[in-house]
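Two complexes are shown next, each including chain A; its partner changes from chain B in the first to chain C in the second.
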Partner chain A sequence: MIPRPKPERFRLRRTMMFMNAQKPSLIKDAYIYGADTIMLDLEDAVAENQKDAARFSLYHALTTIDYGDTEVLVRINGLDTPHWKEDIRVAVAGGADGIRISKCESADDVKSVEKQILAAEREFGVEEGRTLIMAALESAKGVVNAYEICCASDRMFGIALAGGDFRKDMHVKVTDTGIDIMVARGLILLAARAAGVQCFDTNFADFKNMEGFEREVRQNRKMGFDGKSIINPRQIPLVNELFSPTKDDITYAEHLIRSYAEQFARGVGVYTVDGKMVDIAFIKEARNTLKYAKKCGKYSGDLDQVGGEF
Partner chain B sequence: MQSSIEVAAMAGTLESSDAQVTVEPGTKGIELSIDSSVMNQYGRQIKACALETLERLGIQNGKVTVVDRGALDCTLKARIEAAVLRSEGVSESNIDWGGAIR
Partner chain C sequence: MINAIGRDIPEELLVNGKRVYQGKNALDGTYVQRVAPQTRRAERPVESKICTNIREACERCGAHDGMTVSFHHAFRNGDYTASMVMKILVEEMGLKDITIAATSLGDAHDLIAEYIEQGKVIGIQTSGIRGRVGETVSSGKLKSPAILRSHGGRPRAIQAGEVHIDIAFLAAASSDECGNASGMGGKSNCGSLGYAIGDSQAADHVVIITDTLVNFPNIPSSIACEDVDAVCVVDAIGDPAKIASKELRFTQDPRELMMAEAVADVIAATPYFVDGFSFQTGAGGPSLAANHFIEAHMRERGIHMGFALGGITGAVCSLQQKGLIDKLVDVQSFDLTAIKDLGENPNHVEISASQYANPANKGAYVNKLDFVVLGALEVDTDFNVNVVTGSDGILRGAPGGHPDTAAASKCSIVVTPLTRGRMPTVCEHVVTVTTPGDCVDVLVTEYGIAVNPRRSDIAKCLDESGIKHVDIEELKNRAYELVGRPDDLEWEDQVVAMVEARDGSLLDIVRKIKPLVL
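Showing the complex of A and B:
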């Protein structure tokens, strides 16, 4: 069995790539594409009469393939199916980093999953509390209940919008501008931030349309998402790039932190940088930018350590 | 767990990197037949992996046919386990993960 490091509740998750757990050709080298997270799928990608076989495939993939630093999550079948409990048993026994709940609609859904996870951790001798949870919101009800879902468990690290089913529930179709699911995006972002968890946008299904894809990813980033679901490896480099701080962001952040160090020494609280007023909040943000840039492999300095506790 | 295959069952596909495994009733011990595109290089390893997996599942009698399309050991094991447990009608739940399945 390949030992995996203890999952981190908050880590870099720009790209979450979905892989059919039933297809050996996909899962055996899933990590080479550079996604931050791999989502081994037992749900929609697996035909109803192959749910059993997919679990055996998943178990051996989890226990024998070295995924390195890539996070490995398992998407389980919905709580209205006969499959989800066994899905949790196999994911926990195999040492997956976490579980993605499909079609989550309430805090009770999260609690049901948490209970099964705990039972599985005890059954298979896995450290209690190790297995993380994220929830996919795929209905109007799920989106409306986003905040209680985010707060339902200490294992919860984030929520994602699942556009396909959600659009059906809302009687809308995909649009160029994203107006069809804009309110839902805003609501789940608010809920996630209020609860202090991460938030991920839905996948972009028309993977040949790279222009439309880039437009959507840029918008996602501006709205404040932490990452995006990916269904084709071709989409990974762009999202990883656009979700990393730019060179200018990094230069400006360094400039801010250096200036703060100087001003602070002189006892100044508010001052101007490049003609704009800045205060302590800007410095915190700049430090976060550098920390994030470091995680993305874009920054190797030490200014992200400056200032202690602001 | 049964020691003989009593009902025919199958798991896996003929796609690249996969293996299709069929198990059928038999009385003369394990009758293993392997068809692989990489028989010359990996035939022995495939056979050893198949026999070891069947032994772990407690199977002593049955015809087992493996059509290999370049599967890794972990895939071959998964397909054999799925086929045998399907044959026994116990592939859906309460699987002995980490025990008989490992």
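Showing the complex of A and C:
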């Protein structure tokens, strides 16, 4: 059994790559492509009569492969299927970092899953509370209930929009501009931020269209998402890059923190940098930028540690 | 006797001045006496050297029992010539005890395997051995051990008289009646005839086999009529579909792309990546794709390549068309795009295998190579590479130019996935060493990069560029964790092949594999 570090509820999750848990050739080394999270799928990728086989493959992957720092989550079958409880038992027994609830529509759904997880943790001697939860919102009802879903469990780290089913529910098709699911994106972002959890955008299915993909990822980032679902390894580098602070962001943040440290020593609270007024809020933001840049492997200095006094 | 890379070479093979491998460049600066072929004088006016059939050409050239014949492999798996000629020698003329000195043997040569089994062919000397020929030699049916040489080692051996070619049968896309022959201008073009040029100059007799006869003089030509005894016109010299694909395509496999990108990053991190640098890459997935990523680095630095060497691909031609490469130096044209380009582009030039890679001449092109990107079947923790035997111990590969470019370039990069199916590619000991570890500088896998400890200078460059690298042991351990440590192969005593280092010393041997009993 490969020991895995205790999952962090809030960590870097720019890219979440989905793969069929039934395919050993895919899952044996899925971490090499540099996704922050890999999502081993027991749901839609696995045929109805192959669910058992997929669980075996999943369990053996989890217990024999060292995924290192890469987060390993399991997408279980929907709560309206006969599979989800057994999916949870296998994922927890194997030591997965967390469970993604498919088609989540309410706080009760989250609580049902949480109950099964706890039972499985007890059954298999896994530390109670170790297994995290995220919810996929795939219907109008799920999106409308986003806030209560986010607040339903201490294990909850984030929600994701699942565009395929959601668009069907809304009677819309994929558009170039994203107008089709714009409102839902906005709503779940608001709910997640209000609840203090992370928020992830749906995958981009047309993986040969890198131009359209880049446009969407840039928009995701501007809207405030924490990351995106990925269905092909070729999509990973772009998302990781666009969801990391730029060199300019980092340089400016360093500049702000250095200048503030000087001003603070002289007893100044508000002053101007490059013609713009800055105060303590800017400095906190700059420090967060550097902390985030460090997690992304883009920053190796120590200014993110400076100024406990702010 | 144990050689410099720890391989035990049986004493009985160390005869006639044969030595064991003593390390890279052990013979640098020493002198070698070249031998010259016997040449039949042709003083009278001659209309034509055309023979009505191959048999007539063989008879005119004195074909006899126990002779050595040579073939080249520019027509790859589409080659008809070697089988066609061997059939006439063995079945029509009843000759026996023939040694074949080919530049490579593969899937087009099953018939030769048949003649090995019949005992008609008793010796094989080649730079590549695949298909049934490889299996037959591995099963111990060849009377003497096959000799495997690199593309540079082969012309060295020929010039040193270690192999004496009685008749070279050289397929050419076009020829005139006197034997000015070319890889272009015919029905089945192969582009460069780099591997045939040396044979045309070193064999006692030279027969050109073509399916396209053109008016005299067929110039520019790769093979000159002064070296040719006879010309045979046949219906077809090869199957165009198997000679070359239209254009080798870049891989879309994310794993291979990732490795290709890492290769380009390593190259860009070294001090040799400056304006005018030189580069060679193969046609395999990650090697070919490395061209794409190199282009990005070249544009970013605003530099261009002085020359690209070796097997030339459409990908390399396209870089040149974009103004990123000065010269293409072509010993073998890998696809139809490259073949066409060789015919049209004055800055795309054919060279012979000796010019390309021979370590015993006064300076081959490989000596001017900055970077080479190479594949591998296996790499061990001493950086020894195997490109000739499969995990089952059977001969199924080609040293080709691998050992020459690895040895002579400033930075040699081997790129390979960590595992293939259930087999670890990075391992404790490769089955057969074809390129010694002292010639391999960097290993790139999808699990990480390892730098040969002999090249701490390159390791430092990677550190400075923020490129992570690990000890090769770590990669090997990771491979074994994934797929397990394979059982050692079980061999019989019989030596079926000798692997010569490019300088002619013995690098390794291949023994007969014990048949698998279930």
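Everything that follows uses one rule, which is that the second predicted complex is superposed on the first by the 309 of 310 C-alpha atoms of A that agree within 3 Å, B and C clash if a C-alpha of one lies under 4 Å from a C-alpha of the other, contacts with A are read in each partner's own complex, and residues count from 1 in each chain.
Everything below uses one rule, namely that a contact is a pair of C-beta atoms (placed from the backbone, for glycine too) under 8 Å apart; a residue touches a chain by one contact, two chains touch by 3 or more.
Being a predicted model, the structure only gives us computed values, none of them experimental.
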item	value
Fit or clash between chain C and chain B when superposed on chain A	fit
Chain B versus chain C as contact partner of A:T251, first or second or both or neither	neither
From chain A, separation angle of chain B and chain C (C-alpha centres, steps of 10 degrees)	60
First (chain B), second (chain C), both or neither touched by A:F124	first
Contacts of A:D66 with chain B and chain C, given as first, second, both or neither	second
Touching partner for A:K28 - first (chain B), second (chain C), both, neither	both
Greater chain A contact set [chain C / chain B]	B
Chain B versus chain C as contact partner of A:D52, first or second or both or neither	first
Which of chain B and chain C A:R234 touches, first, second, both or neither	second
Per-pair minimum CA distance [chain C against chain B, superposed on A] in Å	5
Residues of chain A that lie at the interface with chain B and also at the interface with chain C	28, 65
In the complex with chain A, residue positions of chain B that touch it	11-12, 15-18, 71-75, 77-79, 81-82, 85-86, 91-95, 97-98, 101-102
Chain B-touching residues of chain A, taken from the complex the two chains share	23-25, 28, 51-53, 55-57, 59-61, 63-65, 82, 85-86, 89-90, 93-94, 124
Touching residues on chain A, where the partner in the complex is chain C	28-29, 32-33, 65-66, 232-234
Footprint of chain A on chain C - complex, ascending	252, 254-255, 257-258, 446-447, 481-482
